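Please see the structure below; I have some questions.
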Amino acid sequence: MGEDIVSEIMREYLQQLAAKGTRVDGRKLDEYRQIEIKKNVISSAEGSAQVSIGNTSVLVGVKVELGEPFPDTPNVGVLTTNAELIPLASPTFEAGPPNEEGIELARVVDRGLREGRVIDLEKLCVAPGEKVWIIFVDIHVLDYDGNLFDAAYLASLAALTCTRVPASAQGMGEDFPLPLNGLPIECTVVKIKNAMMVDPALDEEKIADVRLTMAIDENGNIRAVQKGLAGSFSVEEVRKVISMCQVCSSKLREILKSS
Amino acid sequence: MGEDIVSEIMREYLQQLAAKGTRVDGRKLDEYRQIEIKKNVISSAEGSAQVSIGNTSVLVGVKVELGEPFPDTPNVGVLTTNAELIPLASPTFEAGPPNEEGIELARVVDRGLREGRVIDLEKLCVAPGEKVWIIFVDIHVLDYDGNLFDAAYLASLAALTCTRVPASAQGMGEDFPLPLNGLPIECTVVKIKNAMMVDPALDEEKIADVRLTMAIDENGNIRAVQKGLAGSFSVEEVRKVISMCQVCSSKLREILKSS
Amino acid sequence: MGEDIVSEIMREYLQQLAAKGTRVDGRKLDEYRQIEIKKNVISSAEGSAQVSIGNTSVLVGVKVELGEPFPDTPNVGVLTTNAELIPLASPTFEAGPPNEEGIELARVVDRGLREGRVIDLEKLCVAPGEKVWIIFVDIHVLDYDGNLFDAAYLASLAALTCTRVPASAQGMGEDFPLPLNGLPIECTVVKIKNAMMVDPALDEEKIADVRLTMAIDENGNIRAVQKGLAGSFSVEEVRKVISMCQVCSSKLREILKSS
Amino acid sequence: MSGIGMENKPKLVDENGRRIDGRKLDELRPIRIEAGVLKRADGSAYVEWGENKVLAAVYGPREAKPKHIQNPARAIVQCRYNMAPFSVSERKRPGPDRRSVEISKITGEVFENVLFLEMFPRASVDIFIEVLQANAGTRCAGITAASVALADAGIPMADLVPACAAGKIDGQIALDLKKEEDNYGEADLPVAIIPRTKEIVLLQMDGNMSQSEFETALNMAIDACMKIYELQKEALKNKYKGEQEVEREEVQTPKQEQR
Amino acid sequence: MSGIGMENKPKLVDENGRRIDGRKLDELRPIRIEAGVLKRADGSAYVEWGENKVLAAVYGPREAKPKHIQNPARAIVQCRYNMAPFSVSERKRPGPDRRSVEISKITGEVFENVLFLEMFPRASVDIFIEVLQANAGTRCAGITAASVALADAGIPMADLVPACAAGKIDGQIALDLKKEEDNYGEADLPVAIIPRTKEIVLLQMDGNMSQSEFETALNMAIDACMKIYELQKEALKNKYKGEQEVEREEVQTPKQEQR
Amino acid sequence: MSGIGMENKPKLVDENGRRIDGRKLDELRPIRIEAGVLKRADGSAYVEWGENKVLAAVYGPREAKPKHIQNPARAIVQCRYNMAPFSVSERKRPGPDRRSVEISKITGEVFENVLFLEMFPRASVDIFIEVLQANAGTRCAGITAASVALADAGIPMADLVPACAAGKIDGQIALDLKKEEDNYGEADLPVAIIPRTKEIVLLQMDGNMSQSEFETALNMAIDACMKIYELQKEALKNKYKGEQEVEREEVQTPKQEQR
């Protein structure tokens, strides 16, 4: 029995469940799998966090180093986000430079952090045009069971909230916490046939028609959006996704704050 | 009927035509296809030109930026020529870094410009050993129907003739035209069996035995030569090619000047 | 008859010979093939040597250039070792960036030179934190008939012993010989079934169970070790290898000194 | 979008609701679409959109290569969005950067919605988008052009796909931001739709919008898409008309005299 | 090891024979091993070893790809040792450097000694080692973790492979060097063994040791390997116990209520 | 050739028509050719030409890999021209640069003229040229060496291909420019011919020559090629003689006593 037939059977089964408002692991459509956030897990990093959403697990390490600013923003620190879909995490990941999945992941996380103005980069200038703090957010996927975007984003945010700028090692006074502005949260919704559900597990992700990720800030405003996969939404469905993301982002923000 | 048989039939047909002094599109052996030169087509470039020879179309953009000179020529500007055989232009072009065809194209154009001393690079020094103007000639092939060398060279030359050095944006006085020395012209001849013809169209190029490209300056002197393909010339044939290129280069120079 | 059968027959034959203490080319187990060392063979290099061990031939060129020191060792010159297994040298070598064989070779040679403190890198500082001499050891394999490690190491060492630092070209006084500390020698032993033999020829290398390379200094001390291939040694066997390497390294050192 | 470097921000909307280029808030930049501009490609289109110049070409359905990327059940869509080195003010190094890889991915996903891919198992539909001159909005211009190129190639398609962005500048929702508006504005929301069904097939956003602003912008973009849809159809009609005229001419004039 | 930059060298062994972290000369750092920590991998293990944190995952035996790397007679072992960018004090650029390539190679060779590769022709056993936090000794921690991961994957194996280094600091032989000891010490000797047969399957060294020091260190490392072997078996037992407990719980509680 | 940096130009031809190394205008540098210098390669040759040292090896005809590059009708020629890092005064980074790629391409094309490629469908003839020491004229030395290596490999060939450059220095046509003459000269014209037919199979030029100068230089280069042709044949004869001598010796002495 070929893989395609299996996935066809799985597709129908999940569609039927979704139509009834439920899911293969018993969750409701607007329910996340269990979330665990561990901060400061890597002492060689200036900030770090390991986040699991169900069986999906992502480790993010933040390194902070001195470097040159971009010529067009001489007074502003630099944020660099990189994702490695290392083959340890999934039989489908391959060694080598980031492919388009890894690049999209890094860019969607980066967009949420950047557009949500999470880091106050203006405060990271040391000598205008010459030296600024560079923040490297490195996303290391450890176990891939769906919804990498939310897990990677949440881990990045958690790591940033416990990051300290290593000023003392440079003879520049005491270390200080990374200056942060706000905590926009990214939530991902997929559509399976006509049902919309948050936090897709791998099986759901595989057969989803279309995906929408939104970064929502504390005021319920939208900071970033990314539609993915080869499907479509109606305007009405987009409105529905916004509502779902607004509700879930509040919950996730509380989990992050209490972690 | 396999591709090879088709091309065998084409080969024989073109050989017969050539032996009679004519070609599949009705041209004479020493006749170029229709040439069109449009200058200043890209406003984001400091100079640009689109050249079509028949259905072959090449776009060249020239960027001019400040940078460091080579250590062994501290008083001299830098010329860099790059060619992209983007897959948009032909079913046989592939994405990726330049292959040997693209590299040969860039180097043959570069040789014509450099050995012909088209640009007065000595005048592009700003601070000896520290800052000079760097000229990037980027060859973007849009439609490939044979004779890329001549189209790319002509487009590069046309783009350089309308290039302005952006001095004002650097607070270095007014913009000024790129200082030019002369207008050597590259012409390409192929041999099909015993017939020699200029400006090969794609079908002709495919079955040509050997190719010779020459850059000829205003005085009829030879500035650069490149033999290509797996064939040979006699001394007598080389002499013939020089004559053909001398005649055609004058014509092309006139077309360029009046463009 | 497939390749595997041939190599199976060869394996048994070599094992039988080894058990009797002899080898296919008549050597004893602790005997190197004929060694030839030619120094100063490349005038464009600051030092060079061509070493052949039997039919294996390696050319090493040393280039010495000014450059920046590593930030954590501002007073110390830099040693860089690189190996190219160019496809000219063997039907099994492929063009392209160094693969894991080439990298291991370069790193084992580098380790012998570095841990043996062959070069007095502290004497190669020109301006602390700014300018030091950089030593490039480039290993160019020309003919591969087994035991690349020893041939490449010996050629590197021979090239370094005749390297002159090109100070005069930089207006920094007269050229001077590279300051050297000692002459540790790398020797390689392979195990075939239960027999241990030095300097494996290609056929022996192919069927060897395991390999051990040791750098031994003038005092008989061990400076570097690398076990290779998918086999194992007992403690007793390691002790045996040390003895073999101590004896052979003295012989090789004499050959080098008298070259 | 990220609010950095805002000290030089110009006024983007004046007291009369006019923008820096005189446009009203819901006004598109001038758009010109031409179908069938290339000879080698199976289909092609050129779009000038304000100061954007974008070329799209389509090849296929053709055999997907290498074989392991083939899908036995349907054709795959491969898209390459590329910026010419001279398309932006500071020369872009040739080759794909992370932004191009992401745009290529989501653009390919857009067209999976309208192509009848099941008709062509094992095949690939290859879409090439070349940005020749960039001024904000190139991904929408690219999708708009690629749709026309696909139709020009005669590839079976459910509908054309127009694309357009809306955004927020000086606190107001505005259509089709140009570069300065994008740099100094508060949000950008690129959208692509299937006109017949009003399905949204591209949706991205970065910046800061309330839910109601988001919905206003989304609807504004969708309305604009419908206008662009008319321009796309017009371009295809013109191409068809042009071809008929050429055909008529061809009947009257022998080929060689056309030049 | 190379004796460079020794001016800041701290005292590594005090008058009571205690080391900078209070350990005795033959004392291991604290080691914690956990088996089966990942869900997607066929087998996995996590090792904390002093301040090292290393994760290993195993996939296979699975079809080796691409086909030309398959061995018709046996499975191949492919190993990838990788350091996370944030695992060291100065951020490491993602992707393999030469050190990682070498360690990957020799680690793969270690496991060829214990895996029954003839059982799985054409297959590959893929071992992934991720160093999350590094403090000297990561290759030994990686081999130790990978052994447990292979057992956790249920891949037929002759024995577990523990690994440990011994070295020389302040002139004395010491077990399991940590980072400062490695930087300022005189030698490091990583070893891996097959406990049942005491065969040595990994052996490297750099530094400076007499023959008797070398043998002392080798034996000290082998003794330590035997202790680590017990920890490996313990970890596998705990995994097995844990699984049985979960199974018992699963009988009592319906799946969806577990979360 | 480009006339830049001419302020330090030395006098290249003295009043007696003698050049900086004492040669007459039509005099070659000393050339030494040795055939069969490598053991692993199917054929090989070493050329010393003035201060150039070039090694060529040939493998094949052997199966072309990967399969998709095979031509079912004939063998392909693959050529790799490579410069050793230490072959030039400033160390060259390993790996192909654009110049090497171009020379590899045209050198491969040269040999398509003389090899009977139809005899070996699907095969590849692989030519490797290694420049060990460079002093202008390496492409001609490489072609000269590769011809002898092809013959040494016993690959059926219509003729040997000698190559030589002529050029222009201090306004006069001169044969076989060395480095200083190339740097400060006015033109360089490398040529390769098939001696039996006098067909020209390599022809490149850069610089500035009138038509008559060009023809003079071309004929001077062709005459020199005929002399080099004799040296090539001589080298092959010597190789053959040497082999016969060795064979005779081999009859008399058992193999193991030869060393």
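For reference, chains read A, B, C, D, E and F in written order, and residue numbers begin at 1 within each chain.
The rule is short, and it goes like this: a residue touches a chain if its C-beta (ideal position, glycine included) is under 8 Å from a C-beta of that chain, and two chains touch if they have at least 3 such contacts.
As the structure is a prediction and not an experimental result, all values here were calculated from the model.
One of A-D, B-F or B-D repeats the interface of C-F: more than half of the contact pairs, counted by residue number, are shared by B-D.
Annotation, subunit E versus subunit F: rotation angle of 120 degrees from the Cα superposition, expressed as a multiple of 5. Averaged C-alpha coordinates put the centre of subunit D at 52 Å from the centre of subunit E. Centroid to centroid, with C-alpha atoms defining each point, subunit A and subunit B lie 48 Å apart. Chain geometry summary: the mean Cα position of subunit C and that of subunit E are 28 Å apart.
All chains form one closed ring of contacts, and listing them from subunit B in the direction of subunit D gives B, D, A, E, C, F. The touching residues of subunit B, counted against subunit D in their complex, run 25-27, 33-34, 41-45, 48, 55, 57, 59, 61-63, 65, 82, 84, 86-91, 95, 97, 136, 138, 140, 142-145. The residues of subunit B lying in touch with subunit F in their complex are 4, 72-73, 76, 98, 100, 103-104, 106-107, 111, 114-115, 117, 121-122, 212, 217, 219-235, 238-239, 242, 246. Interface residues of subunit D facing subunit A in the complex, by the touch rule stated above, are 1-5, 73, 98-99, 101-102, 104-106, 109, 112-113, 189, 194, 197-211, 214-215, 218-219, 222.
Residues of subunit D that touch subunit B in their complex: 38-41, 51, 53, 55-57, 59, 62, 80, 82, 84-91, 94-95, 126, 128, 130, 132-135, 255-256, 259.
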